[in-house]
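In order of appearance the chains are A, B, C, D, E and F, and numbering begins at 1 in each one.
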Amino acid sequence: MKLVKAIIRPDRLPEVLRGLYAAEVYGLTVSRVRGHGGEVEKVETYRGTTVKMELHDKIMLDIGVSEPFVDRTVKAICEAAYTGEVGDGKIFVLPVERIVRVRTKEEDRAAVTPVR
Amino acid sequence: MFRRTVCFMAVLMVFVPAAFAQEADAISGADTAWLLVSTALVLLMTPALAFFYGGLVRSKNALNTMMMSFVALGVSGALWALLGYSLAFGEGSAWIGDFSMAALKGVGLEPNGTIPSLLFMAFQGTFAIITAALISGAVVERMRFPSYMAFIALWGLLVYAPVCHWVWGGGWIGEMGALDFAGGAVVHVNAGVAAMVAALVLGARKDYGREALLPHNVPFVLLGAGILWFGWFGFNGGSALAADGIAALALVNTMLAPAACLVAWVFLDYFVTKRITAVGVATAIVVGLVAITPAAGFVSPTGAIALGLISAFPSYLLIRWRTRTKLDDSLDVFAAHGVGGISGALLTGVFASVAFGGAEGMIDGNAAQVGIQAVSILAVAGYSGIVTFLLLKFIGLFAPLRADAQSEGLGMDISAHGEEAYATGEGAVLLNDEEAPEHVNGLISVT
Amino acid sequence: MFRRTVCFMAVLMVFVPAAFAQEADAISGADTAWLLVSTALVLLMTPALAFFYGGLVRSKNALNTMMMSFVALGVSGALWALLGYSLAFGEGSAWIGDFSMAALKGVGLEPNGTIPSLLFMAFQGTFAIITAALISGAVVERMRFPSYMAFIALWGLLVYAPVCHWVWGGGWIGEMGALDFAGGAVVHVNAGVAAMVAALVLGARKDYGREALLPHNVPFVLLGAGILWFGWFGFNGGSALAADGIAALALVNTMLAPAACLVAWVFLDYFVTKRITAVGVATAIVVGLVAITPAAGFVSPTGAIALGLISAFPSYLLIRWRTRTKLDDSLDVFAAHGVGGISGALLTGVFASVAFGGAEGMIDGNAAQVGIQAVSILAVAGYSGIVTFLLLKFIGLFAPLRADAQSEGLGMDISAHGEEAYATGEGAVLLNDEEAPEHVNGLISVT
Amino acid sequence: MFRRTVCFMAVLMVFVPAAFAQEADAISGADTAWLLVSTALVLLMTPALAFFYGGLVRSKNALNTMMMSFVALGVSGALWALLGYSLAFGEGSAWIGDFSMAALKGVGLEPNGTIPSLLFMAFQGTFAIITAALISGAVVERMRFPSYMAFIALWGLLVYAPVCHWVWGGGWIGEMGALDFAGGAVVHVNAGVAAMVAALVLGARKDYGREALLPHNVPFVLLGAGILWFGWFGFNGGSALAADGIAALALVNTMLAPAACLVAWVFLDYFVTKRITAVGVATAIVVGLVAITPAAGFVSPTGAIALGLISAFPSYLLIRWRTRTKLDDSLDVFAAHGVGGISGALLTGVFASVAFGGAEGMIDGNAAQVGIQAVSILAVAGYSGIVTFLLLKFIGLFAPLRADAQSEGLGMDISAHGEEAYATGEGAVLLNDEEAPEHVNGLISVT
Amino acid sequence: MKLVKAIIRPDRLPEVLRGLYAAEVYGLTVSRVRGHGGEVEKVETYRGTTVKMELHDKIMLDIGVSEPFVDRTVKAICEAAYTGEVGDGKIFVLPVERIVRVRTKEEDRAAVTPVR
Amino acid sequence: MKLVKAIIRPDRLPEVLRGLYAAEVYGLTVSRVRGHGGEVEKVETYRGTTVKMELHDKIMLDIGVSEPFVDRTVKAICEAAYTGEVGDGKIFVLPVERIVRVRTKEEDRAAVTPVR
């Protein structure tokens, strides 16, 4: 069991979702975050005050997968989120000890296998 | 001098007490009071439009969209006083006014009809402002702001002023007997066609048809629609240029037509999508208001209800169809204002009634009026479309019309205005003066 | 014909210059100007109410709540013109008007008092609209939208129109000598009682009393309150039906009573909860406005201040108490409008002053007036309560009144309108036409 | 008795039909209609200000900031009727009025000029309210709310009323011949200087100059600016106290000056920061409105355009400079209102024109008028600054002026009002009565 | 040391919080997320445009616990978040190497033991 | 490879960012969360309804670092986020199996080394 945690550009989300579904990854959770990396900084001005925005809007995906799915999940995200400009994001793969599906109490692999 | 004024004068005689009517060319306190209010009401419509439009775009473009309306308050307002008014209402020819009143020369407190000339100028100015701002709905989320400002500045002089002259300033359309109480052709057909042309020239947003581009704040859309309705009472009611029965008729019709259009839209929405949408209701209000605009002081209240009901259909269907095409008239300015204006102008020819201050319409037996209305629509649409096209191409020679793809992706608020509509301040670092300029000029390209 | 008009006519004589007064049944430009404005102002109150109410609910129900007001602009507005006006102001009997003016037959530009009849009709129509919309505050976040639309449509004809006739249309309450300047009983007691009954019939929201149901946007509540105040100047000031001293008195009282109520509320809030809340201030403004409504043109400005101060107490205490009960009058329509209207109507009987355009009140030595006021309140409350109850039961025979638990949980915006108030577009996928229908009809049940 | 009224009377004669002018001291329906509307419009400006200011602060202080305006509607409004009006417009001396009209004694429906006295009182009251509310922009995000309420209550009586008397109530500045059509000195210089002093006495916000303190909702700022403009037509147009040519002139100038100021600001913004900002445009509108206020009924429309253009510069430059200083006049009340008012008052002396209802100004050859204007500015600024300072120090003796650092950090909305502007309800647990009090009194200190 | 990461329905949050307090779990962090799983999709229409909403509002809880608390934390969430409809959510248990309480610099078990 | 997950007070964010940059940690992701711990509860009143707010606004940082950076990252946050009042927050250090930079497909240490 792994948790794939990916940070991507907001405007790549539709492609990434499509890519994941194509890779048969159907369960995922998305949150709006803001990131700092090597991106060019934005400058804003409000009345005389000039500010540098160090954080950029990003989307974070949390995807619990069983081992066989790890690689294709990472690959699907990498491809769909790619633009080539600085700021495309990062993917972290974390070990997971246990996954539970609340509705059925199924554990682990069964917990992340979609019911359709 | 002004056909419009004189024509209402005649009507006025019928209903006002003798004490007023005796001195037709003196200022009437009551009429002035109502026109003062009407001018304020119409001016308020432009901020209202900013919210109507601003709520419909994505939050990263909210300020840019609102600014397109707000900047018209400055640019179009000032130019109207300096030049536009004279071009529209100067004696001139059947085609355009002249420069005799440029910079408001000779426009003072003397009566024009029963109100001070200056007030008439200002009232008309508020129309010029909102007509320009209406166009912006077709080019939101992608047009460069400086090019937009140049466009509306020139459009007000080269398109709005002549068309206004044709219809209200003593020009040929007015002479021909076309009925346009408060701007079905002058304002709405004019802006609607210009919007469609601008959408074509600019091209679609890069995400159009590929991603769902959803309204970021529907309450703002409703707020805009509510305040627009309020302001429209000045738009139509004030176009009587007097606080008389015709003003009352225009105001009542401006209340009933959108009500009827709303009801029709709700049923359409329900039968087509099984949902009654808030964006739909806001749109219906605007379409009903647009449609009654040319007719407000010419038709009976029951005529207004019928007109409002009928006008829901073409606009509703066009909006549904348009979203399936490649034409990114982003906020459906053509479907709402262009088509709403056309429906309204034609139906004015149908429902106009002598008993209610209008000329004879089709129902009164004068089918020819519909033809006259059609000619006026075609003339305005043709002129507006062609000159808008040329104007945009001309401006495009000097500066790009569209923001680059990166700016569009980032959102026009940050790229063109250096602001966020809803900033949290997280990760914002104050810059002192030495740091600021290089960033401003260097790292981020200015749209 | 209209007791109301005639009564003000008499008052009018005292203050207006001779030139006007001579022709009592001619249209006055000044009065028309003021009523044009007043009609626009009162119409604006319904969108304002949409924001007042919409800010108080959870964001997943914001649009649904706002739509309950907006749809009244269409449904109640159109029905008023077609039928309601005739039922309320037609000659008829002491109990109800007739159909003589259905579809505005015979309602034209001829004077009714000193303004065009049509304008009087429209002005009254704006009252009918907002009264219906007021009720929605009791049923938000759970009532099915189509049932709500049917309800307000019928309620306007079966409850509002008769009650309006009783008080203003020549009916028995007016004849009895009850004082109701701008609708303490007709509008506020009426809507307040109907709201309480509707809340009882619908039942509480499923999370009521279990979860904290917090206002999602308090600035919208303040916006609504601010614009309501503005519009209320037309509501009360326009009810003078002339631009005269009484209109001025009504407007001044409409400024002072809410100011006083606000001050009293701030102190109450501070002593009871140690905080001065924004929702409290917004509520106080509305309660003060409600309370002065029946009294506006009948009491002195100092009377208005006293009335505003006093009326804060019953509503404040009731709101605190109500939230501890099982009665989910969600936005406290009864406490604000019902009780505010009752306080105001009774205090009108206390403070009414002949010197300020009213009849003799208790302070002037005529204690009986308070009794007359009480009778009018009881009659309106009783009728409104009973007919509202029957009407809801009747509609419930044909379609459920309440959304199912799942729709309520998901939020009415998505389940009833298929929209989100504040969409981000994340995870939204465009559907083409083939895909859409099956989803719309199949997967999600339509509320 | 009122210099102001009499002076306009004279002007009035020129333009109105004979039928009106004959009875100079009777109530005019038309003038009353316009003043009814104007009073409503100016009252609306205070909620509008709440949004203009509220959008500019961080979301954790949004309600607190808005409440500072809303509470003025109650406190300042009620005190004006009870005392302020008499102090400002009572006969009195050259320095202050008297108590002859306290609690509105003798203020009824009799004419004051051509409108009812009560209406004049209410119209002036709306000015007193907004002037007090304007000051709040300098002390947002840190001032304790009860101290703020005490401050504006006393300030209205000790500063606003006397200054109003000096200029408009028969006092020495009016007698001296200073021109202040609608409150350049009385309202804007007065509030602007008081604001600067209050910012100095309170001290800067704890995060000022260290963190970026960004506007949380720029659309609200635009909404506020739009509605302020709308209301300002009543502010300036209504100051003619009649629906005549001067009202028309004032209204037209109130449309053109901000338009010109907006255009100038847009260019300044573009050349200085390469961006045209929405906050900038909103600010420009307000500055243009402020600047035209003293001049509205005294200068030609072209004069108004020039005045609007010129006035952009000092305010723009001061705002940029101020943010680099330690002076935390948080929302730049001094730069916008103080400096805008000074520019406007001086330029009134330059552009005033007899042909347009004013006295002779510098351009007409009367350079002395600029001197008179300068004296009036200095007097108002001096008095306002000193008394504001003493008043704050005095209140500080009884209760702290500033919230403690913890409350300021948490945000004033929760700490002072116990509310969030935008609550989601997550993690909110209903308390029953036994639990509530100990928490309220115990765990969280009351600001 | 474990991090229990749970995704639940927003309207179950009050119950879940109550359940956790009952299980003596007092420290936790909550975020608003949007999830995709086997849920029925929502359809929305804005003017002619029809969209399918693939993401549903959810709440994510991050709860750092010491080993003995893992099971009862999972159990408490499972019970309180349960409705039986598709979309009830998932629970992930991740290994944690170190926990630090910022205020005291206490580590691990001490760091997640509430001070009251 | 580790993921440092820190929960801090919103008003300490500027200091924490400064501290991290000083420690040469440039890549990070930030999200707005709400936390429950030992903090004093806030009470709010809306019309007669009184509520206790059990969740407080917090900021969560997710920072992927290579082993040598773990300690200084934790230290930098601890120092910058400290106020001494209850509610300062927690730091979790989680093991990470793999990190990928989307733009370059670089893995692990290279993936979190900033490009400037």
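The working rule: contacts are C-beta pairs under 8 Å (C-beta built on N, C-alpha and C of every residue); 3 or more make two chains touch, one makes a residue touch a chain.
Just so it is clear, the structure is predicted and the values come from calculations on it, not from any experiment.
Novice: If you take the chains that touch chain A and keep only those that also touch chain E, what is left?
Specialist: B, C, D, F
Novice: Chains in contact with chain D and with chain F: which ones?
Specialist: A, B, C, E
Novice: Contact counts by the stated rule: is the higher one at A-C or B-E?
Specialist: Between A-C and B-E, the larger count of C-beta pairs in contact belongs to B-E.
Novice: More than half of D-F's contact pairs recur, by residue number, in one of A-C, A-B or B-F. Which one?
Specialist: Selected pair, repeating D-F: A-B.
Novice: Would you kindly tell me how far, in whole Å, the mean C-alpha position of chain D lies from that of chain B?
Specialist: Between these chains, centre-to-centre, one finds 32 Å.
Novice: Hey, how far is the Cα centre of chain C from the one of chain E, in Å?
Specialist: Computed from C-alpha means, the inter-chain centre distance equals 44 Å.
Novice: Counting only Cα atoms for the centres, state how far chain D is from chain E in Å.
Specialist: Measuring from centre to centre gives 50 Å for this pair.
Novice: Would you give the residues of chain F that are in contact with at least 2 other chains, written as numbers and ranges?
Specialist: Touching at least two other chains: 14, 17, 30-32, 34, 36, 44-46, 49-51, 54-55, 94-95.
Novice: So which stretches of chain C touch two or more other chains?
Specialist: Each of 19-20, 28-30, 33-34, 37, 210-215, 217, 223, 273, 275, 277, 279, 324, 418-420, 423-424, 426-430, 440 in chain C touches at least two other chains.
Novice: Looking only at which chains touch which, which shape fits best: line, ring, star, complete or other?
Specialist: Complete.
Novice: Which residues, counting only chain E, touch chain C once they are in their complex?
Specialist: By the definition above, chain E touches chain C via 11, 14, 34, 36, 40-46, 49-55.
Novice: Provide the residue numbers of chain C that touch chain A in the complex, in ascending order.
Specialist: Touching chain A from chain C are residues 424, 426-427, 429.
Novice: Considering only the defined contacts, which chain C positions touch chain F in the complex?
Specialist: Residues 212-215, 273, 275, 277, 279-280, 283, 319-324, 332 of chain C touch chain F in their complex.
Novice: Touching residues of chain E toward chain B in the complex: what are they?
Specialist: 44-51
Novice: Hey, which residues of chain E end up touching chain D in the complex?
Specialist: Against chain D, the touching part of chain E is residues 10, 13-14, 17, 30, 32, 59.
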